[in-house]
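Quick one: the structure is below, and I'll ask about it shortly.
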Amino acid sequence: MSYEPKIVGFLCNWCSYTGADLAGTSRVHYAPNIRIIRVMCSARIDPTFVLKALREGADGVLICGCHPGDCHYSEGNYKMMRRYPLLKKMLTDFGIEPARVRLEWVSASEGQRFAEVVNDMTQRVRELGPSPIQQTLAQDMAER
Amino acid sequence: MADKKLQIALYWGAACGGCDVAVLDTNEFILDVAAVADIRLWPIAADGKYKDIEAMADGELDLAIFNGGVRNSENEHIAHLLRQKSKLLVAFGSCAYMGGIPGLANLTSREKILETAYRRNPSIEWGNRVVPQPETKLNGKELEIPKFYRRVYKLDQVVDVDYYIPGCPPQPDRVRETLLAIVKGELPPKGSVVGAFDHALCEDCPRTKNEKKVKKFYRPWEIKADPDTCLLEQGVLCCGVATRSGCGVRCPTSGIPCRGCYGPPPGVTDQGAKLASAVASIVDSKDPNEIEEILAGLPDFTSFAYRYGVAASLLQRSYRQ
Amino acid sequence: MEEQRIGVYVCQCGTNIAKVVNCEEVVRALSEQPGVVVAKTYKYMCSNPGQEMIIADIQEHGLDRIVVAACSPRMHEPTFRKAIQTAGLNPYFVEMANIREQCSWVHDDPQVATDKARALTFGALHRVAKHEPLERMSVEMCPDVLVIGGGVCGMTAALELADGGNHVYLVEREGTLGGNVARVDLTAPYLDSARDLITALVTRVEEHKRIDVLVHSQVSSLEGFVGNFTATVETIWGDGASVSQFRVGNVVVATGYKEFDASRVVHYGYGKLPNVITSFEFEKMLRAGRIQTKEGKIPQYVAIIHCVGSRSKEFHTYCSRVCCMTALKYAHEVKSAIPNCYVSDVYIDMHAFGKGHEDFYKRGSEAKTLFLMYAKNDHPVIRKAGPGDDCEMLIEVNEKLSGEQIEIPADLVILMVGMEAREDSDAVARLVNISRDKDGWFIESHPKLDPVATTTDGIYIAGVCAAPKDIPDTVAQARAAAGRILAKTIRGSIEIDAVFAEIDEDKCSGCRVCNALCPYSAITYDASKKKSTVISAVCKACGACVAACPSGAIKARHFTDSQIFAQIEGVLT
Amino acid sequence: MRTGVFIVQANEEGLEGVNLHAVELYAANLPHVEKVRNLGVRPRLDPLALAEEIKASGLERVVIAGDSPGFFKPVFTRAMALAGADTDEVRLASFREHGATGMGTPRAESIVACAVYGVPFPLAARPGTTATVPGTLIIGGGVAGIQAALEIADAGKPVYLVERQPTIGGHMAMFDKTFPTLDCAACILTPKMVAVGQHEMIDLMTYSEVEDISGSPGHYKVRVRKKARHVDIEACVACNTCSEVCPRSASSEFDSGIAARKAIYIPFPQAVPNAYVLDEASCLYFESGGEKCGVCAKKCPKECIDLTEKDQIVEFEVGNVVIATGYDVYDATKIERYGYGKFPNVITALEFERITNASGPTGGKIVTKVLRHNKRKKVDEWVLDPEGPPPNRVAIIHCVGSRDAQHNPYCSRVCCMYSLKFAHLVREKLPEATCYEFYIDMRAFGKGYEEFAERIQAEGTYVVRGRTARIVEENGQMVLKGEDIVQDRMVDMPVDLVILAVGLVPARGSDRLAAMLGIARDEDGWFSELDYNSDPTDTERGGVFVAGACQAPKDIPDTVAQASAVAAGVLKSVNTGRGLDSRADLSLSEIEARARSLARV
Amino acid sequence: MAIRVNPKLIDELEVYGAEDVQNCYHCGNCSAVCPFSKEPYIFPRRPMRYLQMGLEDKLKGSLEPWLCYYCGQCSEECPRGAEPGETMMSLRRWLTSKYDFTGISRAFYKSGKVELFTVIGAALLTALGFVLWAVLRGGDINSYDGPNAFLPAASIHIFDWALAGVLLALLLTNCGRMWWFTLGRDKQLRTPFWLYLKKLYLLPLHFVTQKRFATCERKRPWAVHLALVVSYLIMLVLIMFFLDLMWSGPEIDWRVHVFGYIATVGLLGTTIFALRARLKKAEPLYAHSHETDWIFLILLIFAAFTGILQHILHRVGFDAAANVTYIVHLMGVVPMLGLEVPFSKWSHLAYRPLAMYFSAIRAEAKERAEKEAVEPTLAAQPVA
């Protein structure tokens, strides 16, 4: 069987999760690879969550929040916006393609866009191939 | 137990020796230890043979203090051995606890390390730049040296550990308190971090803290930081916020930002990621470009945030192909 | 931890889910998991029989955690919470897996969709195991209200609140109530008497037994949080001062504005040319019935210049919103008092947007007011006229509608000074813990859907202190603030959602990383204890502080790290 | 105080139902009135002559009475000054502003009485209170109705929210972004809609209309017609099966008619209540008298479609009534010169909102309509295809139907800003496109609006001062004609897409509602408030409030503020159990007596 | 140099008929709907603006009012009832009074009464003069033509020519002033003589055809106007050159009389139409009638009616009646020509074609100047 990436999505409750629901109610089909986890706000997303997901076997992590200026909590999404560059830097240093993690703004009315983002993300992660993490750690263990 | 002397072993894995010095730094207390304990193994200070340990009965040792990480097969072998022979195994110092400075090597690869050390190192002037192999045939004989692993492990990634004493090195006072507690049998639940507090460094740091908003980051030498104000809010990256206290706030009180050697406070899974989260959150901008610019003031953030904790981090190592 | 007993319910939603997802298979996979006691699938979990099934199972099998794999939790989470509560479980012991909107409706390969549904349900299962019982709390709400500012806005808010049964402390810095409107003769565009408006309000305020008016007074401190503030007010009487202190539940900030200082616009010569006056000075003339030059002459030419200090690069970028209509009012008033006077009105854009405004503008045209348009940032220049001219001054304008460089004769020039945040707005903002925008106006909680609340619970802003506006819009805001407060005080207490952030004091190192992150100022720092605390009544549970807390001291209730970690593990199984 | 009453008319038409002669006689009999004179219509008053008159009669107080006496106040004030009298003693008796229109001569007389006594009319004519029942009827489920409902219900008081459409949300739900912050309308509105739908204190009646309201302040009896929806709201899971099998379609109201919906449909996915509705008018089953079709009912997996359902009449009693009926947009077909309805790519603002909305028929892609052959109908049709060509030149025409003596004389208040927003959306999605705004005055008056306008221009949108005169077709290309006033040249420009910034008009049925409640509407049809300045959300009738655009065009923040303001009015009455009575019911003698007693104080 | 605004001008223009111009809020709709409004002559908005601001010199130098034919589209669509069409009409009246150096025109426009009395006076004077002259030279009231003719054709012819000469002189002076205001005094504009020659053809073209008027969306006003102009011109030619043939009789000389009848029908028909329309305010063009408009129309219909009446009377043999009627006819014609042509409404017969001619010259001169200067930017500039 060909490789199907596993993607974990962290979505804010007010815009993106609602947008994903809208994709559903609008029956906009998209790649099934994403597993969505709901948080109240993208500001709740700790980089640790992303590392945790990668460590647990995710091949990609998608973070979605309200568009800048749209945040239900006025500026939570800016907090995520600030963490993102640092997170990418860290991933690069750990030798993980930063493209495996992606931050997108998806509003509650953008069901279609959510689907496009997921499809695009899935495609890109598919091109990157499986995440090396679990395999490498297994190889480390095997060596001992 | 009072009538019988404690049976103790000390060992260093991938370490600098500082931890052993820290034990000595307990000063005269070490003599008290010697009074109540038999030191059965201490490679840096006393002569002891691995085979003596191997010969012991399981659980014959009361306490094994392991400092340093596990970098090669020898380290691992001794770790297993001590685990088997000792009632208590303590990971002593940041390296045993988290991989420590040697753990930074996990951000590169074994091949690169060997390449640098044996082939590309500018100081190598002699020989034919041979990279040592675990097994070598020389004059028909087989020579063996410990196998250099692909990466560094922290101790508990190899064996079951009872207690952890963080620090690079652990503070002598903490060491003393801990040893006393062990002697007295006043031990916290297994798996605890001992010799350190359950809160972050800032709590003990005398610098004044204000609401934090940072427009620009500085390397320590780039700014004459106010001695009484929190370094982080002045734009100097200090790990204290995401580091367990116990060191006595030595660095920040000397004007040096905390380097995080005591590891994450309880409740924090990944020290570096948490530090990143906190530091980025206080960046004072809403403009993506400006944010990038401000964060560019933190070169090599990863090595800084995981100075001691790469091996203990969620990702543990680099995956660069 | 004692063994958990979890029930898993997979909804088929008719065929909405079942058409694509093999619900039986999901149930089978789940039933093999540790802790799962019951796993079932049903046509409609949200239906009464579905809910009753859960309730019966809880009672029969002693379930203590429930997973419902169905539609979006945004749709039916309240339904299932209510159901398990009926069965005696804490409502937060249910977790939903969204296998309709985010699975069966967006995928069509049954195998793939079933796999995903299983993964999502695993996520919910792992998560629910970490759930903690949560309780809603309530905090007492003091019904008394502090209103800062005794202008039209403050008085309206005070009356509204007092009429609604609340006790109000109305604090005014000046010696009399009325604010800026008290300086005005007529209001635009209906030319009603401003004095009648103020008289009516002041009379009612002073007569109201539930309003305490404190003039010559200032709020010197405000401690506490929503429902429970303590206000200290300093009153300065001619020679002495007194301090009063009272408890209030909410605060309305209605501090209004101050007029722009016209002398800052150098080329208008205000302060140098005697017959260049500001709008408020003209109001004085109107009230005295003496529209005349400093020399006592009846002007033959009156010119009105709009946007003085407003809509300009140099001063304020914003529009002061009321000046256009006020200027039109002046044009009418000049024509009324001096029928043979020529009025020129020099404007940028005519902001006649409200009820009756456009008609008022048209009447101005009909009365032959000469409207002249200049470009933003290309200010007219006023100079003294020569001896040969039949006027005092000449105003040079690059007139946009004709494209000509022109000179307007004027004996009297009225500068329509804009509105400006008061110089003490900074202090007020700090006092009540709200923020100001770049222009010094107070920032509302949400510019659209919450224009009178602020990010600090219990602090409301109304009227011009939030941005320039005319009297009806100010009154609407004053009443809106009162309405919001009445709605809360009527209940007597504030319900606090069970989901909020809390700080473990033992773990908090007092680093204050979180302090500035809270958009609602829910985090306070106790300098003596060197600890931060979240006021749960104020927290809105976004979790920004939780993610940022470097010492892991802050916990997001119902969104804890361990719950989310568990869900991550679950969905990736 | 020797008082002179001068009656003067500011408008040619005068005031309907006010007998000025009677007012004269009445005024002459009031105490201290020395002189009453009718100055006629729009007189040119000479201050010197007036001063002489004041002096001659020794007047200490002057009352100017009439439809808009303020217009004459300055000349009287000047005359008072010239006569050496107290200029503060020029009092206004404003008939129009205090509701003499419709209330007739006694009201005008009472206004004069107050002025003669020197007492503000609103103070003297403040009605007493009356016992009030706790329920509140809110008519209209747009953002104003939603806000008011939540505000009142959150206080624990019962609310009946009646909405004509099958879902609440109103116009705001149709919008893409909101100016000037550009946040997404759905993101901020849908949580509120959901809250309304789930609120235990709100009895939500969608697809319903108020048939009758009777009773008095504090006790209004309301009759509501719940139109047969044919779908059980509680049971429906919004699965779309019915819609899929439905053979009939009609144009979607929610999509401003630019897309189709089925006869059984849900207006939009986030509708509240989240349930389908069967539109009898477009349904084959009802058209055939129940002979044909009915497939939806058969296929509904939850069996929640009842084709036999009939309209239902519900009756209840409330203490307060909130009118939040909003607005309709101006019918652009009335302005032939813009070719709306003739040129496929001349669209209205609401249509553009749906096109640019990510949940709209093009998925948010801004495209022009293309000519396609409809095989079934065998005709060529202009259709909106998401893959259709994007426009290169977009013209946005302001003041369509507004500020025009031949259409609506008033300014619609929101169009300038939403037009600028459109330009932003076009430029954001189609950076290659050129965008032109044709305006008369750029009315960017609100918080952050001016900055927004500047930003849009900085983004490269061309703003042209000059109303567009015509859209014509030349060689198959739409051409826009106008004058660029500031640049002094004619605009003769090919365009691909024209967006008409249509103005706002009172919602359909406002007249009926006004008649039912006995409240007035202004000359433009908007509901009249009690007092322009001090009571913008109250009406002459006690317990009847107006909020939002139904009172006059308004943007979202101002609408929300009014909705909360209305909540204050409602809550203070239900909290104390007593609400304000109708001012309309106060008699002349009561008001006069009040004024007399207040004057002594 | 800044131009001084004169807020009083708008009051002055009120008597010329510009009663609503202050209502204009400059949306530009009028200029855009006007089929003639093309660069560099954008109107009616801009002249209205000059009027609001009282830029008298700008207005005096404007040709725009003459380029308008008052189809009324602008007034119909005006969102604020500012009556741009009527404003342009008023400006034409005002300009007529400005071109006229005698001040008579101004007096006429400022007061209908003055004009009316002048017309009546002139009529009475005419009657008196002709009667006296006829009686003194012993004319026979019963004789229409022949040697004893009460009013001999040859003499009348001479009178006609004399009158025409005076009128032409007055009109030419006014035209000269018009040239000076619009082209002559503009120092910045270089208008070489060849340009005048090059565009000369425009004068007769527009004079005869009113070609431009035909461009209006509404065709009827143009058709009516054309009929009037053609009728008038026919009559002018007949009278100036073929008066003797017209006079001869009693047989009808079809060579000339057929034209005479056509012209009479044309004159009567168009004036009756115009009067009716003005009374009914049928179209925007006819909605606002200045006193001068009434006087002009009444004179015209009066002249046409009396003209044909005296002709008929003569043909049927009532020569005495014909002679009396002829005097009455002259009472209409003389003031009509003598006052209306140089001082009032009728002067536009000269100013319009001249304006067309001048505007073409100016446009080309401007274009040449601009070409020499920098290329203008074509795209609209964002107003930053």
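Going by the order they are written in, the chains are A, B, C, D and E; count residues from 1 in each one.
Keep in mind that, in the parts below, contacts are C-beta pairs under 8 Å (C-beta built on N, C-alpha and C of every residue); 3 or more make two chains touch, one makes a residue touch a chain.
Bear in mind the structure is a predicted one, so any value in this text is a computation, not a measurement.
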>> With a step meaning a move to a chain it touches, how many steps does the shortest path from chain B to chain E take?
In response: 2
>> Show me the overlap between the contact partners of chain D and those of chain E.
In response: C
> So which chain is the furthest away from chain E, centre to centre on CA atoms?
Replying inline: B
> Counting in whole Å, what is the centre-to-centre distance of chain C and chain D, each centre being its mean C-alpha position?
Replying inline: 22
>> I'd like the Å distance between the centres of chain C and chain E, where a centre is the mean of that chain's Cα atoms.
In response: 66
>> Taking the mean of the C-alpha atoms as each chain's centre, how many Å separate chain A from chain E?
In response: 81
>> As a quick test, compute the distance in whole Å between the mean CA positions of chain A and chain D.
In response: 43
>> For chain B, give me the residues that contact two or more of the other chains.
In response: 269, 274, 277, 281
> If you look at chain C, which of its residues touch at least two other chains?
Replying inline: 74, 350, 362, 375, 401, 446, 517, 544, 547-548, 561, 565
>> Give me the residue numbers in chain A that touch at least two other chains, ranges are fine.
In response: 18, 21, 25, 27, 46, 48, 52, 72, 75, 79, 83
>> Taking the top-of-page definition of touch, could you list the pairs of chains it picks out?
In response: A-B, A-C, A-D, B-C, C-D, C-E, D-E
> Tell me, which parts of chain B touch chain C in their complex?
Replying inline: 198-203, 209-213, 230, 232-233, 240-242, 245, 264-269, 274-275, 277-278, 281-282
> Across the complex, what residues on chain C touch chain D?
Replying inline: 13-16, 44, 46-47, 71, 74-75, 78, 152, 156, 160-161, 163-165, 185-187, 190-193, 195-197, 199-201, 203-204, 286-291, 311, 317-319, 321, 332-334, 336-339, 349-359, 362, 375, 400-401, 403, 441, 446-452, 466-467, 471-473, 475-484, 486-488, 490-491
> For chain C, which residues count as touching chain E in their complex?
Replying inline: 301, 342, 344, 350, 361-362, 365-373, 375, 394, 396, 399, 401-402, 404-409
>> If we count contacts the way the header does, which residues on chain C are in touch with chain B in the complex?
In response: 504, 506-513, 515-517, 525, 530, 544, 547-553, 561, 565
> Which residues of chain B touch chain A in their complex?
Replying inline: 73, 76, 107, 149-151, 158, 269-270, 272-274, 276-277, 279-281, 283, 285-286, 288, 291-292, 295, 298, 300-303, 305, 313-321
